[in-house]
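To keep things simple, chains are lettered A, B and C as they appear, and every chain counts its residues starting from 1.
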Amino acid sequence: MSPPIELRAGLVRPGFSLDVNLSLPGAGVIAISGPSGSGKTTLLRWLAGLEPADTGFIRVNGATWEDTASRTCTPTHRRPIGYVFQEPSLFPHLTVAGNLAYGWRRLLPRQRTLSQAALCRTLGIDHLLARRPDGLSGGERQRVGFARALLREPRLLLMDEPLAALDTERKAEILPYLERLREDLAIPVIYVSHAAEEITRLADHLVLLDQGRVTASGPLNDLLTQLDLPLARSLDAGVVMEGQVTGYDTQWKLLHLSVGKGGVTLRVPHHERPVGSRLRVRVLARDVSLSLDAHSHSSILNRLPVVVGEQAGGEGLVDAIVALDCKGMPLLARLSRYSVAHLGLQPGMQAWAQIKGVAVLG
Amino acid sequence: MPPLIDLSPSDLAALWLTLKLASVTTLLLLLVGVPMAWWLAFTRSRWRSVASAVVALPLVLPPTVIGFYLLLLMGPHGWVGQFTTWLGLGTLVFTFAGLVVGSALYSLPFVVQPLQNAFQAMGQRPLEAAATLGASPMDRFFTVALPLAKPGLLTATVLGFAHTVGEFGVVLMIGGNIPDKTRVVSVQLFDHVEAMAYPQAHGLAAVMVVFSFAVLWLLYRKRTEPLGGC
Amino acid sequence: MPFARLFPLSLLSLASLLSAPVFADDVQVAVAANFTAPLQAIAAAFEQDTGHHVVASPGATGQLYAQINNGAPYEVFLSADDTTPAKLESEGATVKGSRFTYAIGTLALWSPKDGYVDDKGQVLKGDTYQHLAIANPKTAPYGLAATQVLDHLKLTQATQSKRVEGQNITQAFQFVQTGNAELGFVALSQVYKDGKITSGSAWQVPQALYDPIRQDAVVLNKGKDNAAAKAFVEYLRGAKAAQVIRSYGYALDAATH
């Protein structure tokens, strides 16, 4: 089965070149990350049809949007995309309602399925409809930008560092909206960002770019745990998993989460959440320690049986990162090299992972 | 004591002709100038600076120079004249159409430059956003570019109109002073002065000054916004 | 000029009696545009003969009039008509009794095309042309003369739609020369030199068909005490000047020369 989104682009500019070949899933949030100048925005703009490539091929869910070999190229306005720019780019001569209606009005009636009212409620902008863009805060403007792009009912949503122009407070304010959107949307989102926070909270798939070339592309957790990538060796190295709430311990205020395919249960101090709701959790490598036997008398809440995998040097080669597998669920542990040698850790060994902290995202 | 403003029927005819000329010229310039300004604002071609200089030439050249070369070009020996004759239109010299062409060339930068500035100030971003929302190039032009360029459009219209009303040198060279066809107010005024008919000259000049002032005042009035809250 | 004033008039008179004066002066002459070329020729001879230098300012008669009234430094005025100097005289801007006719303009119907204009002007009656150029009759005496000719020939109605007006005789000439008007009424001096038409074909319009275009000269108040101005005016009435004027196609007033 061919992948839903195929991208191949080659372009050369003064001082910069892009050469990518990507196969991406047709659903979920695909994050594109890399240092500045790596070509993330150029790639996104090319995908939208705003930049020409010397050679290009775009196929999205069966429709070919561009093929330089056969000289076909669908112009931007005919690609079923939504685009959110880094700076809120609302039309200053229209009200919020006018902005929202812009894309919506250009759809055929049978194409309109979304409820504008519901979307506005989700994004918290329903009270702003009569205002003009220059009377809104940066955060409000960006939320209107999301809504406007979505009301176009695109089949692919493109977001170019949408939170980069906002301050920390606004970012924190908007991320929950984006997480909510992520749950509601059935369409794939390509999200350019270099903020680890946004990526860990939102991405399902990650593409790493460096100097116009793809250095890695795969499911988020795979890339996070790949020891040959710098991600796994950074100070914030860790794993991100989807979990489902299975229960709540009201006495001790503990949330029971089932994560991974193997049904591993984690207990997390947290306020209550309804059973069955899905949550994303992150476990940092530095919050995981290893023991060869299962201590029961310990303050650590979560002790899981794991199989030891490969190891790699941590940042600066002072310590080590060890890959672990717990019933199919990957984990990373950051240990001193001394400990690794002292415990005689080898791939394939059984051990116990002690997880000191689980962060519930969103 | 003679009336302060003494306008003869021939003066009124000249005024009417002038208004007609300015209106037609401004309309023509807007139709031609908008695409020109658009191209100048957004093109990445290396001919851009050359084209900008050419558009700005009428700002610098004396109108009589423009008029003189038009006289030669549009005459029976010039290539424009030969072209129009071939089309069966005769030559444009001494005709209203010829004045429109001459005035359009003379007032070109006054229309193109404000438009170009307005488009440049708008930038590409609003148009890109509109494209991602499904608007075709024509659609984006009418629903986004024009509304955002409205102040520039207004300036261009008013300046083009007012500049044509005041035009003299070009008309003098190619008009032939034909009543109701090429005898515009500026030439009429000049004739009164030459014939030493000063009261008539004063009357006509007064009308022109009042009209020009009113037009410019209207233009500037719309621009300023009050400072402060009260 | 201030330099000369320092010396007694007697010395100056003595100097002017000799062929080569000790002190040469400037005289500011405002001249109608159509007479510029003959004036230059006369001025050159004048300077050779007297040593005085002519500073010429050509222009449209109406403009020169306005300038004179507003303080222009002209000392002698050579007009394209006779009414303007008369007006200046009645306004007291001139030296009494200094006005005279220095030339009589002659009208010609001309085309740059050889053989186009016949020597009887019959081409006017025909339909071979689309535009007939004349100078503005309201402001230029040659234009007025042209309308008089057309009236005389009873062709005013027939040529009305074909008439185009130049602001002055020079512009009328320009219209014809560039081909925009097939023919036009111009000053003979514009197409005549040393006894014949310089180019194209022309009809020298008989004087009987229009009022004489008298071009009058006058000494302005500013030139009252300038001996060079006086000398120039005298020279203009002299035989040498007469020769030049005739060679350019102007007629002369018997009363003057």
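In this section, contacts are C-beta pairs under 8 Å (C-beta built on N, C-alpha and C of every residue); 3 or more make two chains touch, one makes a residue touch a chain.
Here the structure is a predicted model, which means the values were calculated and not measured.
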Assign the assembly's chain-to-chain touch graph to one of these shapes: line, ring, star, complete, other.
line
Tell me, please, which chain's centre (mean of its C-alpha atoms) is farthest from the centre of chain B?
A
Could you work out how far the Cα centre of chain A sits from that of chain B, in whole Å?
56
For chain B versus chain C, what separation do you get between their C-alpha means, in angstrom?
38
Just curious, how far off is chain C from chain A if you go by their C-alpha centres, in Å?
92
Could you list which residues of chain B touch at least two other chains?
none
Within the complex, chain B is touched by chain C residues 60-63, 65-66, 87, 130-131, 133, 136, 138-139, 163-167, 171, 174-175, 178-181
Please give the residue numbers of chain B that touch chain A in the complex, ascending.
125-126, 128-137, 139-140, 143-144, 147-148
What residues of chain A sit close enough to touch chain B in their complex?
48-50, 75-78, 81-83, 85, 87, 89-93, 102-103, 106-107, 148-149, 152, 158
Which bits of chain B are touching chain C when the two form their complex?
71-72, 74-77, 90-91, 93-94, 172-174, 176-178, 187, 190-191, 193-196
